[in-house]
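Both of the next two complexes hold subunit A, though its partner changes from subunit B to subunit C.
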Partner chain A sequence: MFARFKERGLSPLFVIVTLIIVAIVLPSVFIFIRLFHPVTESWLHIKEYVLADYIHNSLVLVAGVSVITGILGTFFAWSLSKYQWRFGLLLESLLFLPMAIPPYIAGYVYGGIFTPFGTLDRILNQVGKEPIRVDILSKGGAIFVFSLFLTPDVFLVTKVFFEKLPKNIEESSRLLGRNQSATFFRVILPMSRGALVGGIVLVMLEVLNDYGLVRYFGIPTFSTAIYQTWFGMSDVDGAVRLAASLMSIVIIILLMEQFFRGRGRLSQARAISDGGIKKRASKVYKVVFYVLTFVYLSLALILPITQLVWWSSIAKQTNVMRRFGSILFNTISVGVIVTILVVVCGILIGNLNRLNPSILSKIYARIVILGYSVPASIIAIGVLVTFISVDRSLSGLYGILDLKNLFLTSSKFILIFALTIRFMAIGFNSIESGFSKMGKKHYEASKLLGRDEWYTFRYVDFPILKPAIISAAIFAFVDVLKELPLTLILRPFNFDTLATRVFTYAGDEMIHEASVYSLIIIGVSIVALILLSFIRKGTRI
Partner chain B sequence: MIKLINISFQYDNASTETLKNINLELETGEVLAVVGPSGGGKSTLLRVIAGLEKPKVGEIFLGEKCLCKKGTFVNPEKRGIGMLFQDYALFPHMTVAKNIEYGLIGMNTTERKKRVKEVLGLVNLVEYEKRYPHELSGGQQQRIALARAIAATPKILLLDEPFSNLDTHLLQSVREELFGIIREIGITTIMVTHNPEDATTQADRVIEIVEGIASEKNWTKNNKGFI
Partner chain C sequence: MEETNEKIVSMIIVAVLLVSVAGCGVEEEKVVNIYTDRHYDTDQDLYDKFTEQTGIVVNVVKADSDELLERLKAEGENTEADLLVTSDVGRLFRAGEMDLIKAFNSDVVESNVPEHLRATDDLWTALTVRARVITYALDRVDPSTLSTYEALTEPEWEGKVLARSSSHIYNQSLLASFIALNGEEAAKEWAQGLVANMARTPEGNDRDQMKAVVAGEGDVAIVNTYYLGKLLNSSDEVEVEVGKQIGVFFPNQETNGTHINISGAALTKYGTNDEAAIELLEFLTGSEAQNDYASANYEYPVNEAVAPSDLLKSFGELKIQNIALSLLGEYNDKAVKIFNEVGWQ
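Our next item is the complex of A and B:
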């Protein structure tokens, strides 16, 4: 093994990628080391009285949201990929759009609609009806809001799968005497288990990742507890232990995913599309579909956006404009820097995997992808612990250079670092799929025509890969724009982005002002989604 | 012209050697056909000669130049070997002319333009220089790929099943044209083929590779022996 490495020579690419991977893994290592610190008083307290609560709440949310998004997402995906609908294409695009509304924004919108003297009360009052009490700030309410806005995640994954499903599978089941619904439940659904589970796991991780919505709704979960323990009680080791407990839940979810995916997966090669001839739906099915779609789109798109627009229109100009320029600048500059880093790392790691595939490079890729399953609160704690110990060990140097204590920890660098490792997987995924679509042949042809690596990358690989790189960049930028928990924990003093501004204003009962910022985030996300769908249609490698 | 001495090769993830102790020598202008069962190692042999894979042991000489022996390995871009890929590997984002110019390193613009015209003339596609690869038929793409491979006057040309992607009705004319061009420029050629007819009628010599072991066949008239 070692001799072979030497013989091949450690390529610079390999060394750089290894460093990137070390940076990704380091925070987890630091969390792990901290676990061996002596147990503190407050951790004992947490363990005794509240840990069970956190676990219970997190699991209830995860379970509820998975079931609802699983059913809704699969229903929409199946209906739209197999049946004809009037305005099918439009409906399809609209069903993706709730993705552009982050749950923490939706949370305060729904909070504002249902609170006493909120929008609902006022409307009922206008028409002279008794107010209806809905306790939205509850677990049930949180499940409702999460489900509305995470359904597109499942919809997206299952739809791609259903469209690739060969038609003859369905037809042979029908010829074997099974009716439509039996075919769906006995053949199609088991076959698509992998895709469905993949989509649901994404949703689960999203729920565990959230901080803004559960905080606003006052539901104690891991993410709020970690934040509380660190900042409220200054108990680092307690926070680290909470992070480790949350990580075990994530690991259990990932193991369950492996288990439920099963072996009988449809291989990509066999999954040939059938030219997309869609059937006509029965009357009943039509009614169910149109009603569900209408209700869903009203709740997940029309209602929140209308409410936000209305609130924005009555927002106080002075509050909205306070430090607006610097917030915009912060958001864009952090977004651009992280996007560039994510794309560059994605290209490096993807290229290593393409040119020198080895067990190690596969493990690297796996680590990057797994990075996305780590909830933000864990990354935040890991990165904080890491940076603080780096700062401590550099304190002598800081003294000489006349820098303040904890120089790195209190800088923008820590935020950029954390966001980059959090979103690396997103960039890597689209770049990797671009690389694997394009393969090695153009690279090899270029080498045989006498061009070196750099020239080949610049004039062959890069242009062919451009659509994948652009999608990776759009994904990464929008995700940074929407990101709340990491930014909230790791931002330097007095540093605000659009997302943190939404969160603080909404928390301070300034929901009208928060709405302006929310609409900017949502608007940019919608434009990005539209751009992405154009890119996807336009690429043919 | 080209000489392989005791070449053995093994893929990283394979348990046995894909090429076992291959010896081969070709004279300038000779056309060698490589035949054998699927999975025998024909494509691998071409990739090793091209420098896309690194042999475990053995030496390769091209003319006087040593391409590969213990401690030396010349990268593919420095070898001056032309290769016609099975699926052509034309760069989809470049026009025909740009594809061909790509390998013309160290020429000025006028020289390059002249050379592009020349090789396009050779493959009978002069009017097509502004087209993109996807605007060409399969046979035309293949001829462009050939033009690109020979534009920088490589010392040797490698072809991996050049006809496997073509419709049968095209086959006869494309085959004659391809061999016509090869004979016209007199380039030393190694061609992997499944078609025994190609091997017997078009090649000067034939070798068969079975499970990584090469043996010379006496299928052609002017057989010169195998070392």
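Our next item is the complex of A and C:
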């Protein structure tokens, strides 16, 4: 079958990637169509009274969080990939971990620390001091919490890039007389813009699409407008319309970024880096690094975990652990399957972009973000409608096979599909940043030596790409672990995951019970990180 | 390489499909499939009890009610769901508007649930009742100064009133009830007056409002009674202490009654297990299940043969708003718009 495509000049890779892209785009089409529906009355109301405020809030949050995560994430990534530290490997793993704490749970945690009768009050009370009021449930508080728990997103993506950055670039810059900081800011940073932007885009989308934290904090944002139109005014069309405009803006920005950065890319740079030799840091740098890391990990890991452990310890034990085995199995099996799919699709798309770059392949590479560009409940509607129409068109076949009417829609397949297209953006971002410095040289050499595609991938490309693949896998897996809206709405009967259990309790203000499952999510993430770091060992070239 | 990867992908897909097929091959047994936005462990306990007594298997999908409605709508006549359970009457009304539910016609349910807690056309029935009341700081507020929701907009309460954000359905249905009782203008005036008297911009949940009252950030808070029940029975001693410093006042007892909302259930229009679903409705409104609802979740039972929990009894007799509950659904979007207009975040 592929031979025929080849004759027409279409590579099988192109065909497969196109199919993947179609699958990603299809649910969004159902969303986009509504852009052209007539304007509803609730849209006019939203626009007149609240939209400007909500957009303003969204922008403030997005800007604040982007700047902080950008600086922190890049600083950690650069330091850990270029300098020697005591316990460097341990610190590296610990810096990923805040990712396992969903921002809305972190919101409850920090609320629980700073609100009246919270942990801070209790501690002050113990030592006989007056309570201090910190208004954590505010815009500033939200930026603080988001930043803490989204920094790993930037860290992960930029680190993959820095690790593969050829050392000679730095050396040349130093030889030409630039000092260390000038080298970083004038040479390294502009070169790593792609990876940095990739990481920050994830952070921005996460903040834009959050509804849990901002709702608890009482900060209405653009996603509040979407949900208010839908839930409050029962105007689904209006809500989807709002989401579609959000999606369009995101896509336009991303495409523009892609085209403008075109020439700044390091496409033919040396793929093999400096052999992992790390420099010694100066004394001042050491102090700054250790203090910052300590403060960050205290706030993003030690403090919330301590709070969660304490809350868990006073959870009412009845029924909390019911059906735990199946919950854990569901979560991990879905997580593993989706992770594999995300990674495989990411490699295919990235490879196409490298081997046959074209305008189309560049557009493909940006379109993967579609599934991540609007709140998940909206994507869920798109997926639902898509699957139901597929099911309806297959109903004849189902009749013959004696299957249920909505066979696909009522199976786990819809959930796996939805999660895959949702997190494709996240996985692909890491993989793309791995591909971006690879070039074609080694691939072509291998082909010239008569090796086939598979051999070339397995023994030439894969080892170079492995760190990027591993960070993509971490991203995808941890994100599936804590994913909520898609799982809630698309799951089959009696299907619970760790995250849905968190929601079940947190939604009803039962934070003690919710903590138990939040901790388990963190625990599973730790296990996954350890496993992946084992795979990673020995692959540094 | 692509082909190998493609093989892996297709193998995974096939494997997933096989697992799902295996799950479907169970023998014919009586089942009832529920879409619910009530997430309490109590509910699962009740379903388990029901299965024990009747042999009918209960399957559950839990999600937010509007998303469940959208799923029901998309699935249309192919849906597997038989019963829709929501924790807000507005959503049941909406389901009726969207033509997603059908009348249940059960004498048992009719005798279990008083008329004002059912839809006139038998489209839905309440399972539990919650009251939205005024709570106050016992040490600072003399309950004789409290009277109605409306009175909270008087100048004497300036900077003293706490309430959560308007994105929450409980506030929306409260305002919808005022639209139904007093008209849109009066409702808007009330919302405006309340915003003017707020101690702070709305933030946090109902529990947080009560904690803020005890901490002195405000004097009164509008909350649902069962959250006070949860504070008082918390496994966290400090929360219990907070709960003890809170008084409950049923507003509008001398006028048009305290606002209530319900959680309720309806048969889905295209459900195929009507018999089992009705049996479950009869069970859930029966005295055994109603007792469990009342004691575990501090909600008011709908079955008049069942007494509320001791805690609820200690709050006193409750005169409720005398309006058709479906109006709360009908005026929901108006309420949301008023909140936006007066800037109740």
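Criterion: the second predicted complex is superposed on the first by the 315 of 541 C-alpha atoms of A that agree within 3 Å, B and C clash if a C-alpha of one lies under 4 Å from a C-alpha of the other, contacts with A are read in each partner's own complex, and residues count from 1 in each chain.
We take it that contacts are C-beta pairs under 8 Å (C-beta built on N, C-alpha and C of every residue); 3 or more make two chains touch, one makes a residue touch a chain.
Worth saying up front: this structure is predicted, and the values here are computed from it rather than measured.
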Touched partner set for A:L150, first subunit B, second subunit C, both or neither: neither
Partner chain in contact with A:I464 - subunit B first, subunit C second, else both or neither: first
Partner chain(s) touched by A:R451 [first = subunit B, second = subunit C, both, neither]: first
Larger contact residue set on subunit A - subunit B or subunit C: C
Contacts of A:I381 with subunit B and subunit C, given as first, second, both or neither: second
Partner chain(s) touched by A:A418 [first = subunit B, second = subunit C, both, neither]: neither
Subunit B versus subunit C as contact partner of A:A195, first or second or both or neither: neither
Common ground on subunit A, meaning residues reached by subunit C in one complex and by subunit B in the other: 452
Residue ranges of subunit A in contact with subunit C within the complex: 2, 12-13, 16, 42, 45-46, 49-50, 111, 115-117, 121-122, 131, 137-138, 215-220, 224, 227-228, 230-236, 314-316, 318-320, 322, 337, 340-341, 344, 347-348, 377, 380-381, 384-385, 388, 391-392, 403-407, 409-413, 416, 452-454, 456-458, 485, 488-489, 491-495, 500, 503-505, 507-510, 512
Touching residues (chain side subunit B, partner subunit A) in the complex: 12, 50-52, 75-83, 85, 87, 89, 91-93, 102-103, 105, 148-149, 152
Contacting residues of subunit A [partner subunit B, same complex]: 358, 441-442, 444-452, 459-460, 463-464, 541
Residues on subunit C engaged by subunit A in the complex (per definition of touch): 1-6, 8-9, 12-13, 16-17, 19-21, 23-24, 33, 39-41, 44-45, 59-64, 66-68, 70-71, 74-76, 78-80, 94, 97, 164-165, 167, 169, 172, 201-208, 211-212, 214-215, 217, 227, 230, 234-236, 238-239, 242, 332-333, 335-337, 340-341, 345
